[in-house]
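These are the structures, in structure tokens.
Presented sequentially are two complexes of chain A, the first with chain B as partner and the second with chain C.
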Partner chain A sequence: MRNRHRRIQIDSAVRIIFQAVSYLSVIALIAMLGFVFYQGIRPFTAPTADQIQIVPEHIPQLTVNGRMYENRRSFIDIPMDAEGITIEFEHQGEHLVVNAGIDPSGDTWEEIITFPPELHQYITSPEAYMYTIILPSAVAGLEQRIHIQIPEPRQQVSAFLLGSEWRPVYRKLYGILPMIAATLLTTAGAVLLGVPLALLSSVLIAEFLGRRSASLVRSAVDLLAGIPSVVYGFFGLMMLVPLIQRIFGSSSGSSLLAAVAVLSVMILPTVISITVTSLKAVPAAYREASLALGATPLQTAWRVVFPAARSGITASVILGTARAVGETMAVMLVAGNSPQFPSSLTDSVRTMTATIALEMGYSSGRHNELLFSIGIILFVIIIALNAIIMKLKTNMQEVS
Partner chain B sequence: MKSHPIRRMKEGMLYTLMYAATGIILSALVLILGYILYNGLGKLSIGFIFSSPQEGGIYPMVVTTAYVVITAMAIALPVGIITALYTTEYSRNSPGTRYIRLAIETLAGIPSILYGLFGLMLFSRVLGFGQSIIAGGLTLSIMILPVIIRTTEESLKAIPRSFREGSLALGTTQWQTVYRVVLPSALPGILTASILSIGRVVGEAAPVLLTVGIARNLPRSIFQSGRTLTIHLYYLTKEAIRPDDFEIAFAAAAVLVLFIIVVNTAARYTAAGYKKTMER
Partner chain C sequence: MEQILQMTQEKITIRDLNLFYGDFHALKHINMDIPNQEITALIGPSGCGKSTFIRVLNRMNDLIDGCSTTGAVTLDGTDISRIDVTELRTRVGMVFQNPNPFPMSIRHNVEYGPRMQGIRNRHRLSEILENSLIKAALWDEVKDRLNKSALSLSGGQQQRLCIARAIAMEPEVILMDEPTSALDPIATKKIEELIRDLKQEYTIVIVTHSMSQAGRISDRTAFFLLGEVKEYGRTADLFERPEHDETQQYIQGHFG
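Right after this comes the complex of A and B.
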């Protein structure tokens, strides 16, 4: 009796553990959305910092707005609402005073901070949001420098989505419209090229081929699905890119066209396997009725079975589209990766996914956060496509 | 009644188109595999796989890939099997199960680069693993969960109800039935799931690039960065300077392709195996 009691205890414990573990996938999904959204939304909600930051170099002692710093290696913070910046220090035995005005309401970074004219000759190569004052020295390499970093303001959503220039490092321009265009164009091209092929072949596999040849073709399609995307990209780079270069005489074959060609092969397995499954799911009675009315097998396949499997086929095309949108490595290897609007099929393009993969390694600060914002856009596209598929599935269940 | 000649011609054209499309797809496969194997097999040898990059080999990359596979599988396999058991054996139609299914469906559709972003954020930065094999393994384990859960679910659903009823009628608890009757019959399905997900992990590149990194050394533990075969192939083609590099790249691609062929064949056999057992 006691033994039985223990068995039941174990049974209910296992049940609870299983339930808890099963929810891990829900938690993972929510965490994924949470982390990417949290990081990706930050550039649009706040400036990178609340202070102007000053870094001295080779200046042992300096006074900033009345406070003295000795051997300072890290940032000296000045609040944005300060009236100005006054930096005093010794330069070649002279007492130097650098003055700058702050206007926190300035629209561009040149307006936020202003320097007196006599200082302009010492300000070298100002980058966006970053000034460096270099004072000459007798010994090269020991010049006294003052770096002044202005915080980047809130990123405008419209400037991000509709901006046509992506120069994240020096000019801090973050417009991703060329990347959105590239993703849309490569995806549309792949769907236009790949889907007709896949559908024609699926009908053949599902309705006309015998058991053995159908299974042979399907295993070939499975193999196509298993080939790693890097291998697709490698093949495209070694084979297609030189071919395109030769045929079109362009300077580099890495192009929109190469990306479209590789992607159209990569989406085939997704479209074919789901289309074949949904064609096979059409009841035999449909075929029998059509054939009994005197329709040819071909008419039956295309006019009766194909429309009956419509929602499954639509779902397969949408899944293929999602695959093309999300593909990274293959596109990165063959598309050339210039963030520009393509004017012809042989122009180099860079997709959203490629931007994330290419720049994640070296980006920092706002640039890095904005790569997560690109991730949000991808998420939104994929979730919208998924929602359409879910809708189709409920429709399918209602029909059958 | 003879059919109209124009219609016959149309039908003939459509047949031609269907065969042509299938022909194009098959020749694309043959072209890709043939091109890579033809150019890569010459360099390929046991020595190539087991020597360091300085000697023109890929040993550290093979080891890193193996570590990533082991880490990912060690996490995803138990979680995946348990989830599949829960959604098919314990609670088929509860609201909770519906959420779990929805989550799995959504996870399956998310592009791998987004897994990379998430893994980089959570495992590398927040949990402090940095770019390491463990961070990549954790990331990929979430990515392959849907594959494992779905394939296992399918094999669980193929088990006849009479197996479970027979066992329960003998007075066993549900856990005993699951452990002694259901799981053993689902083993071939679970094996198929494992093989498919190993193939997926080995071939994955984008999330690995973000989470595991690109270090070329032999990793000493799973807390170090490394470079998987796919990333090695990517960097070889991107940074190729010497003609040797392309040769090595072809050979590395051939290794990947051969591995995928083996995985696909193995998965077909195990899948055919469990279908046959169930039909008996």
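Right after this comes the complex of A and C.
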């Protein structure tokens, strides 16, 4: 009796563990999505900070809005809802007063903070939401400076998606259109080049090769799928890039073309293995019927087997596309990574994934958050591709 | 003179045919003459080699690894191994046990064979389509939905479509491997009537498990046993006065 009770206890414990494990992937997905969305949405909902920050240089003593600071080396925070900023300090024996107005609702930095006209000659042209007031000094190198960092306003979605300049550090310009274009171009190129190749070899493997050579080719394809992507990139860098440089006489072979070439090889295994599987799943009765009607094996493969496997083949192409969209390392090694619109095949490009990988390490603040926003865009693309596959699957079930 | 007449009436001759699946001797020393424009039924217990035999006649066994044959099979006097295999299959059509229309429209199913032979003319194709479907007794049922998927037809209709598909090639011989075994009695009856009509134009070889079907439709019957032809003759003779005890027993349902 007791024994039986224990067994039931163990049984239910095991069941709970099983359930937890099987939900693990769901939990991981939700956690990842949640994190990426949380980080990636932020730039579009709020300004980077709710205070203006001031830091002086070579000014031993200054008063800001009535408070006095001595030998201040770190930021002095001024809330955005302050009336304005009044900075007082000694300059070459004179008492100087700098006044600036604040408008927290401004969309650009010029609107957020305004200085009196007589001061303009001392202010560096504001870039990256940072003003510096430089006051002359008799001794070079000892100029008095006041750095004023104002918060970046809410990021406009349109400026993010359609902006054509990505200069996140010095100009705070966050347009990812060149990267979207690069991802679309490399993916489209890889699909255009790789898919026909993959489909041809799939038909060859599934319909024409003998059992031995088919399994040989298939295991080669499977191995190809198992090669780490950095190896593809490395190979492309050492072989393809110099080749392209030689053929086209461009200054560097790292280019859109190199990325397309490497990617098109990388999607082969995905497309081939799924296509072969779906070709093999076509009932032998169709082949026999076609051959018995005097069709050649090639006609049979092309006119009967291929169309019958259509939805599986489409799914394989979509999965290959998703692979090309998501591929990072290999592309990063051969594409040159300039965030620009390519005007020719030999131009350097940078994909969305490469941008994330390249900049995640050193970025901070808004720049960092926007890398997550790029991640959201990638997510959306992949989810859209998966939705198409899903739709295909239900269609297939309806047909059969 | 009589001999010559007989010669011309033989559509297919089989001389000392042996077939091996690897080491397995599946067909043994088969000799048979299949007369022109008659229905020849092949009967025998499961696994005796009927399907194997019928697939020899359009060389479908060529597709099977390790399958080899010896002996001679001729079609109109020409050895079939010397006829181009795709040509042979246009002359010798085949209908399978399970209806296997392609997952395409009814129209494309019937037009498939002619199209693969390079016929592109629309007018010619629809002529073939209509004729074949009429001959297969399917025209009236499908003429309003030629562009619908063939898979939307009933099993019996699908099988008649497969027959229409074979007829569209204008073959001389039609091979049928248990064409009604997957169908209900009414569909079976329709197909049997169809086969009897087709006899006017085609030489038909049909495998069947139904003694009554063989008796109803065939002119000649061959009884297969363990890879051999035990007995071959006019259907009436074979059913009424079998020469071998095994034939008698099989016909009466004692084994198989």
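Heads up, the rule we're going with is that the second predicted complex is superposed on the first by the 355 of 400 C-alpha atoms of A that agree within 3 Å, B and C clash if a C-alpha of one lies under 4 Å from a C-alpha of the other, contacts with A are read in each partner's own complex, and residues count from 1 in each chain.
In this text, a residue touches a chain if its C-beta (ideal position, glycine included) is under 8 Å from a C-beta of that chain, and two chains touch if they have at least 3 such contacts.
What you see is a predicted model, and the numbers here were worked out from it, not measured in a lab.
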Mind working out whether A:Val230 is in touch with chain B, chain C, both or neither, as first, second, both or neither?
first
Mind telling me which of the two, chain B or chain C, contacts the most residues of chain A?
B
A:Ala82 in the overlay: touching chain B, chain C, both, or neither? Say first, second, both or neither.
neither
Does the superposition put A:Pro307 against chain B (first), chain C (second), both, or neither?
second
Name the contact category of A:Ile134: first (chain B only), second (chain C only), both, or neither.
neither
Under the stated touch criterion, which partner chain does A:Leu392 make contact with: chain B (first), chain C (second), both, or neither?
neither
Looking at the overlay, what does A:Leu378 touch: chain B (first), chain C (second), both, or neither?
first
Touched partner set for A:Arg211, first chain B, second chain C, both or neither:
second
Would you sort A:Ala289 into first (chain B), second (chain C), both or neither based on which partner it touches?
second
By the touch definition above, which chain A residues appear in both interfaces, chain B in one complex and chain C in the other?
296
Chain A partner, complex, touching residues on chain B are 3, 11, 14-15, 17-22, 24-26, 28-29, 31-33, 35-36, 39, 78-79, 82-83, 85-87, 90-91, 96-97, 99-100, 103-107, 109-118, 120-122, 126, 142, 145-146, 149, 173-176, 199, 202-206, 209-210, 230-231, 233-234, 237-238, 246, 249-250, 253, 256-257, 260-261, 263-264, 268
Could you list, by residue number, the parts of chain A that touch chain C in their complex?
211, 283, 285-286, 288-296, 299, 303-304, 307-308, 399
Spell out the part of chain A that touches chain B in their complex, as residue ranges.
7-8, 10-11, 14-15, 17-19, 21-26, 28-29, 31-32, 35-36, 39, 196-198, 200-201, 203-205, 208, 217, 219-224, 226-235, 237-239, 265, 268, 272, 296, 298, 302, 319, 322, 325-329, 333, 353, 356-357, 360-361, 371-372, 375, 378-379, 382-383, 385-386, 389-390
In their complex, what parts of chain C are in touch with chain A?
58, 60, 63, 65, 86-90, 93-94, 96, 98, 100-104, 112-113, 116-117, 151, 162, 165-166, 169
